[in-house]
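Look for chain A in each of the two complexes below; its partner is chain B in the first and chain C in the second.
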Partner chain A sequence: MLDAYVTALGMVLDPYVLAVITASAIYGLVVGCIPGLSATMATALLVPLTFFMPPVPAIAAIVTTSTMAIFSGDIPGCLLRIPGTPASAAYVDDSYQMTLRGEPELALGIGLWFSVLGGLFGTAVMMAASPAIADFALGFGSVEFFWIVMLGLGGAVFIGSSTPLKACIALLIGLMISLVGMNNPAGQPRFTFDSTEMLGGVSLIPMMVGMFACSEVMRHMISDGSAPQIVIKKMGPIFANMWRLTKQYPWQLIRGSALGTVVGIQPGSGADMAAWMSYAMSKRFSKTPEKFGTGHPEGLIEAGASNNSSLAGAWIPALVFGIPGDSITAIAIGVLMMKNMAPGPTIFVNNPENVYALFLVFVIANLLMLPLGWAIIKVASRVLQVPRRILMPIILLFAIVGSYAINNSLFDVGLMLAFGALAFVLEENGFPVAPVILGVVLGPLLEEYFINSMIKSDGSLIGLVNRPIAAVLAAVTVGIIAWTIIASLRAPKDPARPMPQDL
Partner chain B sequence: MTFKTLMLAAAMTATSLAASAAWPERPVTLIVPWAAGGGTDAVARILAAGLEKELGKPVNVVNRTGGGGVVGHTEIVNAKPDGYTIGLATAEVTTFYWSNTAPFTYEKLTPLALVNFDSAAFNVASNSPWANLRVALDDIRKQPVGHFKMSGMAAGAAYHLAFAGLLQLEGIDPKSVVVVPSQGAAPGFQELASGGVQIVPSSLPEGKPMIDAGRVKSLAVLSKERISAFPSVPTVKDAIGKEYEGGTWRGLAAPANLPAEVTARLVEATDKVANSDPYKSFLAERGFGYAFAKGPAFGSFLAEQHKRNGEIMGALGLRLRQ
Partner chain C sequence: MKFNDLFAGLVFLGLAALVATASWHLPNPSQQPLGPSAFPLILSGLLALCAAILGLNGARAFDRGPMLALADWARSPVALLKLTLVPAAVLFYLWFSEALGFLITAPLILVVLFMAGGVRPGLALPLSLLAAIAMHSIFYLGLGVQLPWGPLEPIRW
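On to the complex of A and B.
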């Protein structure tokens, strides 16, 4: 094994491979920054290029791009309130509030540092125990996934504002939106009004960009323009702060990384769900949950670590059984097959040096993120020096281009604008928008897993709890939700969360 | 000859030259009804690269996803038939009419060439009590409808119809095995391994990692000949003595009423690309099955698929119009 690692290290340290890694890193950072282009999209666009590469650089390109894109999705979310990828949407309120406070470098530094640590954690798990974990994960069917999604939905209530009722209503709006289209288990068109465009349902990215970015532009439009330019406070070295935060929140880091890895391993759920669940978990167990959403580092740390660790987690079942853990590994499997590295347990026997090379690329990509990420933070933060009245139209322009790009559809631009208006109305009335997005992310999964479980059990609800893992998950989910309801009934009312325009 | 007539003659020559000017004069758009990064997308991109060389103009792949392929296929059908918009149609296009999810049939397409065919296979968990196809089919016949479940595709998708056709061939109610819908083969294999379903009728290459891992065994492949990479998996004829084939496919198509000379040029270019070594080795490496039928042959293939899917979907209760 050590021999294979030495060979693998030789393959990875080849100048050509290192050049590919560096180029993909810059590409991933830039694409991840652009709203509307997700990490999955960045990877998909890279595939034709990998046709012409040997196996190791081809895989290195994919791993590096996705790792960088998930981190850099935090950047526009933090600076402009447009999450660059859906995986950054969970904590965009916290990071944006930090920016409004004049600490964008702190928020981005947290995103960078804890993304690296989370990514390395996931990689370590992947290196140590891939076959065993993948074997365990195969015991999960639709019933177990149903409970995991329920757990995620339960989290929405904590994610939301201090008013659980409004968060619940927002979540239900999201679930309702997810009903549109024919991407349901029976493949029947619902609420499409005979429009072909509506058959595809409401696509997540235009909606997300509209709800965060477009609503922010509208808020700026109605303000009298006297809002002061954000003054960036002079900060100490980024990484020194990070060391302090790591010592302050070690438990959050480990919990986020571990949950992210687990969520990554589950098929159908990737970095976005990992971030949402970790953010909710962080708030649930925080000593100061009322600070969440106001620019508090705790949730950022946990969710930022989580979405990067999920990337490595997703590779575990993909390598061992050819079952992708998320949409990025689904693409990667195709590339592996092209390069005669067909996934399966035999890959560890036939091509161990290539697999170890993949592990090493993960390590290198995460380490490389430190200097490159630092550089992009320094450059990107300057965007805030642009006067707001010039910045806001540019944001709108990016939002329009981004929503068009994802499906090449003008309809999606309309969707983006409509959801921007909806989010504006919701936020002006104290409803949080994050649960709406969570509802749209999880709604289709919830329906699919529930219907499939019911088909399998011939319609009997007992089928949801009569397998051991499912029963444990069910107990945990019901317990957490019940505990929250009881706790919120007992606790005195929290003061309402200040709205962005009050700051 | 006056100046006027001279100009007229010049103008006429210019127009006739323009009309006969070799298509294509500008980039061609290739619509893919499925997401970037998937199998169909990969096939489209390698074809586009080849067509680009043959036609001498860029061929841009545009993914128009949604509605289980309906959105993208509708876009191909509704495009202007000038050869600047073509698409990679997939097996689903011959089911939309019957399931009433789209108003058009294959007749609204100009068939260019079939470029791939993946045979379905009868995949079961390795600990399944079924030793061969005969035993499995007899067991399915004996048990009440809905006792056995399968996954790996949506209800009414190509693999489902191929599998239902096999049951019909044996005189078994095609509704006997209930579909637990999934998006693609991989989640289906996860269900198979976790004991949620008994059968996944996906292609053999899609199941290869799980077969190698000793988690899945394949009782038969639904094709006329054995697949060279899986010599030990019998065909339906080897297993039960009756010939049967079924699966999913991909083919290049354009909107109906494409001018004949453009059609001829596209068919010729596709012929060269789809029979080139890079394309064939791409299919082999990715585990896709090679198949080729051009122009009218692809047209009659479409007509046959349309008719057969109408029948099977009728028997399955998925046919929503006559």
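On to the complex of A and C.
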């Protein structure tokens, strides 16, 4: 294992990879900082470029961008009360109150410092746990994997969404999109409409770019798009009080990081849910819950650590089982598959150095966040004023060219537009978009595991539950689904809880 | 633009029916117990079930809300026009990029979108040229993507 780490370190310290990490870090920080541009969009736009990179820098670009964007989403939340990414929404009141009090540097310092600590905590858990889980999972057959995929999809739809029925429909649409092409156990062309372009299935990159970037541009077009007003002029020293706060609130830091990691591991719930849950937990156990929402650092510390640690946590099921925890890891899994590094327990046996390189990228990205995050905070008031009416057309053009670039095909540009329009209409009608992506990424695997399991058992459904681990996984999956259905029948008038729509 | 859920339910019910009929007769050359039609049929069954529940919920809320709730933007002709510009821009690229080449198509698209967003023409023109050239450099020079040149073929670099 140490040998593999040494090899991995060599791969990551390659000047090209370091340059990619630095560039993606700056890109992620800037995009995350601009309200209306989400971390998911930042990642999706990057995918066409990663197509042209070797595996390690490609995945480094994705990891770094998403880590940075989740942190810098705190900046507009703090300065303008507009969270840059949904993951920052939970504690926006506290941080904005600090800004109004004339202490924006305290709020942003907490966001930065505790994001780094939370991120490193999640990374440490990921480094320790995933090889062990992978080792255990090596003995899994198609039945166990079928239930793991089901659990992942079930979690995404029934836990991670406030509208399970609509999320379920969105997921089924995604699964149906994945049917297109010859990529099925029988190798039969399905739903290709006699088009050769469709034989290989719907290309993932134009689809992701369309759903997360093109639709965002459409939403911008119907908003008023006026530039936000900034209240602050200058920032004080950013790291001044951080050591004192760390000593004052150690439990909040650990609890936030731990809960965030666990929420991240649980498929279907990402950074935003981690932040909401940690903020609520912090308030619940606080000695001064009445101070929450008035510019109190406690909840900020716990939730800020939580959303970044969940990012690393989400990578555990993604790497070990190929199950994405949120849309960003779904995009990342798409990139890994494109690079012939399909995730799963065998990746730890066949490509350990690539996996360890990914771990190291996480560590580097989190450490790099300290200086670069400090720099972005210093120039934040200028970045926030970059007019979106200039950015959005450029993003649209980038989406067009990026989709075209993969196969030099205009067909893919049309595909990008179609999925952009689909995502726009779905979201306008309250259907979450993330389950569609999960369905498309996991559809071929789900079908393969299902059909293989059924062939092994000669078509008998008992074959799906007659192995102990499979039975437990099946029970948990069915339990989650049943629980949600019963809960929705009991309390149909449940007031909408704040839930991640953009997981 | 929010449709009543009854409408959405009917649309998805239709989709489920389409997928089911299209996959019913898929050939099963290897004679497996579950052929290539099995998975699509299960999916369409589940979608039909969800769509029916959604439609019924929508029908129950029928007297409480309108069939089609228009958001503020959908009542504003300007917003609608700006929204249509996005698909129009992509379609324009689809149809004209081969003939006009990237370095003409892209600035045209950008300048229209910039000005629709209220950017001054004096800024929009140079900005769209600059952005198009920057994007061209990234993809053509940096990544080797063969972007079309169109009438600019003689000055290809």
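Points to keep in mind about this one:
Definition applied: the second predicted complex is superposed on the first by the 272 of 503 C-alpha atoms of A that agree within 3 Å, B and C clash if a C-alpha of one lies under 4 Å from a C-alpha of the other, contacts with A are read in each partner's own complex, and residues count from 1 in each chain.
In the analysis below, a residue touches a chain if its C-beta (ideal position, glycine included) is under 8 Å from a C-beta of that chain, and two chains touch if they have at least 3 such contacts.
Note that the structure is predicted; figures quoted are calculated from it, not measured.
Looking at the shared chain after the overlay, A:Glu447 reaches chain C, while chain B stays out of its contact range. Using the contact criterion defined above for the overlaid structures, shared-chain residue A:Val401 touches chain C, although it does not reach chain B. Within the superposed three-chain model, A:Leu18 lies out of touch with both chain B and chain C [touch as defined at top].
Using the contact criterion defined above for the overlaid structures, shared-chain residue A:Leu9 touches neither chain B nor chain C, since it reaches no partner. Judged by the touch definition given at the top, the superposed model places A:Asp458 against both chain B and chain C. In the superposition on chain A, A:Pro185 makes contact with both chain B and chain C. In the superposed model, A:Gly430 lies in contact with chain C only, and not with chain B. Applying the stated contact rule after C-alpha superposition, one finds that A:Val478 touches neither chain B nor chain C. When both complexes are overlaid on chain A, the residue A:Val383 reaches neither chain B nor chain C. Across the two superposed structures, the residue set of chain A contacted by chain B and also by chain C is 185-186, 408, 451, 455, 458. Of all residues in chain C, only 1-3, 8, 12, 15, 19, 22-23, 26-30, 32-36, 38-40, 43-44, 46-47, 50-51, 53-54, 57, 71, 73-74, 79, 82-83, 85-87, 89-91, 93-94, 97-98, 102, 106, 109-110, 113-114, 117-119, 127-128, 131-132, 135, 138-139, 143-147 touch chain A in the complex they form. Partner chain B is touched in their complex by these residues of chain A: 40-41, 43-45, 47-48, 51, 138-144, 181-183, 185-187, 189, 196-197, 199-201, 203, 267-268, 320-324, 327, 330-331, 334, 337-340, 342-346, 407-409, 448, 451-452, 455-456, 458. If you check the complex, the residues on chain A that touch chain C are 49, 52, 165-166, 168-169, 172-173, 175-176, 179, 184-186, 188, 190-191, 214, 217-218, 221-223, 225, 387, 389-390, 392-394, 396-398, 400-401, 404-405, 408, 410, 413-414, 416-417, 420-421, 425, 428-430, 447, 450-451, 454-455, 458-459.
Residue ranges of chain B in contact with chain A, taken from their complex: 35-39, 41-42, 45-46, 49, 62-68, 70-71, 74, 99, 101-102, 146, 149, 151, 154-156, 178-182, 184, 186-187, 189-191, 193-197, 208-210, 212-213, 215, 282, 285-287.
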